[in-house]
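Each of the next two complexes has chain A plus one more chain, namely chain B in the first and chain C in the second.
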Partner chain A sequence: MNLVATEAARERAASANKRYLDVAAVTKRFGTATVLQDLNISVARSEFISLLGPSGCGKTTLLRLIAGLMKPDGGRIAINGSDLTQVPAHKRNIGVVFQNYALFPHLTVEQNVAFGLEAQRTPKAEIGARVQNALALVRMQAFAERRISALSGGQQQRVAVARALVVKPSLLLLDEPFSALDRKLRETMQIELRHLLRDLEITSIFVTHDQDEALVMSDRIAVMNEGRIEQLGTPDEVYSAPASLHVLEFVGQSTRIGGTADASALNGTASVETPLGKILAPLHDGSGVSGKVVLGVRPECIALGERPDANFNEISAELTDIVFFGSKTALHFQPPGADDRIQVEVARVPSGIAQGVALKLYWPISETMVYPAP
Partner chain B sequence: MIPRLSFALCWVMLSLALLFLFTPIVIVVAVSFTESAVFSFPPQGFSLKWYYSIRNADGLLASAWLSAQVAFISTLISLVLGTLCAIAVVRRMVPGGDVIATFMASPLMIPGLVLGIAFLQAARLVGLNDAYTTLLVAHVVLTMPFIMRTVLASLSMFDFSMVDAARMLGCSYPRALWRVLVPNILPGVMSGALFAFIASFDNYPISIFLVDVHTKTLPIQLLNQLEMSPDPTVAATSALLILATVLALIVCDRLVGLKRMTTI
Partner chain C sequence: MTTIEMRTQAEAQPRRRFFQLDTPAIMVLPGIVFMVVAFAIPVLILVADSFRDAGGFSIGGYRKVLGDPYYIGIIWNSLQLGLITTIGSLLIGYPAAFALSRAPARLQVLLFALIFLPLTVSIIVKTFGLAIMMRRDGILNWLLLNVGFIDRPMRLVFTEFALYFGMINVFLPLMILPIYSVMRQLDPRLTDAAASLGAGPVTTFRRVTLPLTMPGVVAGISLVFSISVAAYVTPGLLIGDRFMTMSQVMAKAYLNIRDFNLGASMAVVMLVIAVTIVFTSTYFAEPASRRGRKG
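After this line comes the complex of A and B, so read on.
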């Protein structure tokens, strides 16, 4: 995400209602297993937040708790100041787009979209116009009379979005809505949905295990692991300053190098002894690390060649693979004595390099991340 | 060569199967219109007198009415109990659901004679002397497998997140079941009910142990009739039953579509 968009997202989050949706100290247990423990998250009005994490991290459980399809064992959920914890699902006025869309096959497209309005006893005269409006939003007017089984996956998703939005929900929940689409269509739908929701200024929570999806779509991302939120931040923050080793591993590509940190951190810089030599890393929060640590570097930060000055780390490693992606090429290096390979991304492969040669690599010390080893 | 041969074989098999299925029906219907007083084919002349004689034949109408009652009431009871049971099994509301489902469907795998004797002894044991009630209980057991199998099949294909979707759109849980679950499993339930009704209506091996002089179901009465006075009245009765079955199929087709019913 570019800087302007990040700034805009920040402003939006700061202005008006910062705690539109407020999830406070929510706990959920299944039998003896605790899925969520004292979880807190606040979402600002018209913000788009992603819950990102591996399967089983509790993100879907959190979504179902907010929807009211499950009851929490503790804690409180409020929208716009009113407590919803005891309100049943059908009175919460929250829209949900389900993973498999959950469209009603015995009804037409039009009847599917009208379902919520009828359930809420909207006057008949109003229903027709609102259904047409909702279908127009997702460009599906031409399919109003169709059966659901006669639609493609992308069309079904549009109908599911229209059905959720037509009742003017106070909040929209999206449960991995793109997982059933092929890659090309997914990318188109992501952008389209993002624009639609931004135009409607609807507050949305989006569950996904796909980091690319989360980075593309979100104002902020909540990276979840084992029932906790490990980091909540803009896509830029989550990518360039991961709060934990798990976040680093889960979001984006990275190279991890194990080592032992010197106890004496010199003016905010940790010195780490690794099989590749000494590597320096900045310490941001002032807390010193010592003992076993893991260093992380993003592939696009690493360059080929000798370092220009002492503000860079430099290592040398053997080139094992050249992986061509089209717009970029990934070079894989196997450093001596390290298990993890090093990934470097370049736009063009420099002439005169081939597999098997040892090359020097460097990256800025400021782009080196350091975490205590697990 | 091979594809053409298998294609030809396919048609031969189909023709034989159709011949095998339709010949008895055609013969029975033809004989029912005969003028002759004996059960002979080809029929001689044309008359409807055997249809009129159904009314006068001893106990035929009464037994038809009894069979219809038993089939209808037992199917209805199985429908309600079986559907609720199937929901509990599919949603894993009870432990050992699969075992329960298998048990409920097991009467289909036990010979009717065995079931009949078992019901007779069980009824004696608990002092149930009323033939009508005993028949009804036995036929609930008999129809249950048909309902359970079709409803379980429909439910296993039903996506319960649709119920969640209906709830999020403003339907309470019972209303969501009614608006979304019921319309989607109805074809399967209807076909199960139709098969259950037919299975009950033409059951012989179980009923034979449970009937008494005043309470005889149609299949048993028909066989008695055939033994005592083998005239084409039986053929006329059968022809009417065939007509009723065809009408029932047409009605079901109009209501839910035969295609949807048979795919489940």
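After this line comes the complex of A and C, so read on.
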């Protein structure tokens, strides 16, 4: 009996950890426009979640609601079981790294980092040491006395991270923190920040419209569109099994081919009539499609040549472009009667290939995705 | 990386100044010519007048203005007028400028027009309107009587209340405009950031909003003070001889008793006060504004 009781307690604790941040049925309207509609998302303790979506999809609004910088029109936001919906931002203890960092221009680096501790009336003796620790964490001790305007973008970002972390927030929110950095620096900072947050075991929510960033950094990705979460899953799940056409289009490269599905699905396989001929696609969980559909294929699944057997789809298309990327080369094909060009990635361009030739392409039927046409 | 950036900035600046040296010099020429004729020459005449009377060189005017308790009282009146008008305008203008800068864009245009409109009306018209409003049978007394605040009409015109009411009315836009222009540039994310770090509204105001809008406050204070300390029309119409100011003494000295030496001495004293105010406030605004920009 005792054993059962501890078991139950452990389970409760585990489920509480999984729902460390709990956003339930949150709705937000601006005037007549509904930006978020009954949105639900749970984040586990120490997890790093990305909110990925095009601008205007409501991801920043969700972030501001969690931070308490905006009030929802409905729903509930809780951290670790305590309801924060009515708690003002300055009493939530949620750290935010803003898009342009929002560092205080009239204060030095050190004073910026100390701001939160002073606002929360931390004993003076403690402030100095904690500020130094936070600056050491982001390797900015040498710049403690600098003015903000004398820092580069990457340095400002480090200060913003130190300022948000020094108060030991229960949750860290990051609003497109890398968007102002150039590509090289951005990639360094992504890895660096990911390591830092993992070491500190800080639960983090990261808003971005950059799919690569989301794939690189996240434990899980929430793909948002028009105020809803279309898919919530690991980077691998979101990439290899997009839940909707929008997710397919938004995450990673893909080729899309429109067609009409045959009403009679055979053995869980849909047969789709397209301008390129008949293409087969597997149907999951016994769902059926009929009428207008869109097929999707990832470029790395497509190979050049004739298909080895009937487990592959095969088409023929004209090569229009050879785009060299260094580590890989993309071949663009323009199939007759299709709007979308087909992209194929190869490590090396095979000999005897030139623009204008028609080639055969094939890919596994199992790697073909099918969605109802919008 | 920073050092490289800073060096390029440092290099870029003098080069730009060198390149632009000629054009601005030509552009400022008409202004300089006008100011010499319209301002420098009259001021020199004024200063000369303040040191001579019918019998030649004299500092009698200064002795009167700075030694006679009556005139010292008048200087004090003017300073008090400027000070109270400035403080009143600041207390009303700062929150107004804040609200204005945070209002939705369309409303902002409307409110901005409402603040600007009084500036287009002549001070005389405005002040006469106020005087009529504050008469015994005026609308203000009528309102207070009917609401039941008072049992019989109050004397309002020719009181200090009327004076400061009118002065703040005239000078308020001059306080709001510079504060608003600085406030509008204040990134609202800075106050969001302060809140996310645990700072309540009071701390956020004291440590973020106020220091960053200080340049506007200093500009508003120096503008309102230096003009209101020399106000002539509004005090003349709303309180008259009961509250003599430096401007009125000057006018009387020149127009009634024709004592140019006295008038000029008073004018120079006022000029020194105004210039001191402008320079000290610019001095205080300088580091604050450098801090306030950028970012």
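In the analysis below, the second predicted complex is superposed on the first by the 358 of 374 C-alpha atoms of A that agree within 3 Å, B and C clash if a C-alpha of one lies under 4 Å from a C-alpha of the other, contacts with A are read in each partner's own complex, and residues count from 1 in each chain.
By definition in this document, contacts are C-beta pairs under 8 Å (C-beta built on N, C-alpha and C of every residue); 3 or more make two chains touch, one makes a residue touch a chain.
None of these values were measured; they are calculated from a predicted model.
S.K.: Is this a clash or a fit when chain B and chain C both end up on chain A?
M.R.: Taken together on chain A, chain C would clash with chain B, as the superposition shows.
S.K.: Would you check which partner chain A:K360 touches, where first means chain B only, second means chain C only, and both and neither mean what they say?
M.R.: neither
S.K.: By residue count, which of the two partners contacts chain A more extensively, chain B or chain C?
M.R.: C
S.K.: Identify the partner contact of A:K328: answer first if only chain B is touched, second if only chain C is, both if each is, neither if none is.
M.R.: A:K328 sits against neither chain B nor chain C.
S.K.: Of the two partner chains, chain B (first) and chain C (second), which one does A:H106 touch, if any: first, second, both, or neither?
M.R.: both
S.K.: Please indicate which partner A:K278 is in contact with in the superposed arrangement: first for chain B, second for chain C, both, or neither.
M.R.: It touches nothing on chain B or chain C.
S.K.: Please work out whether A:I148 is in contact with chain B alone, chain C alone, both, or neither, and reply first, second, both or neither.
M.R.: Touch status of A:I148: second partner only.
S.K.: Considering only touches as defined above, state whether A:F98 meets chain B (first), chain C (second), both or neither.
M.R.: Once the two structures are laid over each other on A, A:F98 reaches both partners.
S.K.: Tell me the contact category for A:K71 with respect to chain B and chain C: first, second, both or neither.
M.R.: neither
S.K.: Using the superposition on chain A as set up above, list the residues of chain A that contact both chain B and chain C.
M.R.: Residues common to the chain A contacts of chain C and of chain B are 67, 69, 88-96, 98-100, 102-106, 115-116, 119-120, 163-164, 167, listed in rising order.
S.K.: Going by the contact rule at the top, pick out the chain A residues touching chain B in the complex.
M.R.: 67, 69, 88-96, 98-100, 102-106, 115-116, 119-120, 163-164, 167
S.K.: Show me the residue ranges of chain C that touch chain A in the complex, using the header's touch definition.
M.R.: Its residues touching chain A are 1-2, 5-6, 187, 189-190, 192-201, 203-204, 207-208, 211-212, 291-295.
S.K.: Name, in rising order, each residue of chain B that touches chain A in their complex.
M.R.: Per the stated touch rule, the residues are 159, 161-162, 164-173, 175-176, 179-180, 183-184.
S.K.: Would you mind writing out the residues of chain A in touch with chain C in their complex?
M.R.: 67-69, 88-96, 98-100, 102-106, 115-116, 119-120, 148-152, 154-155, 163-164, 167
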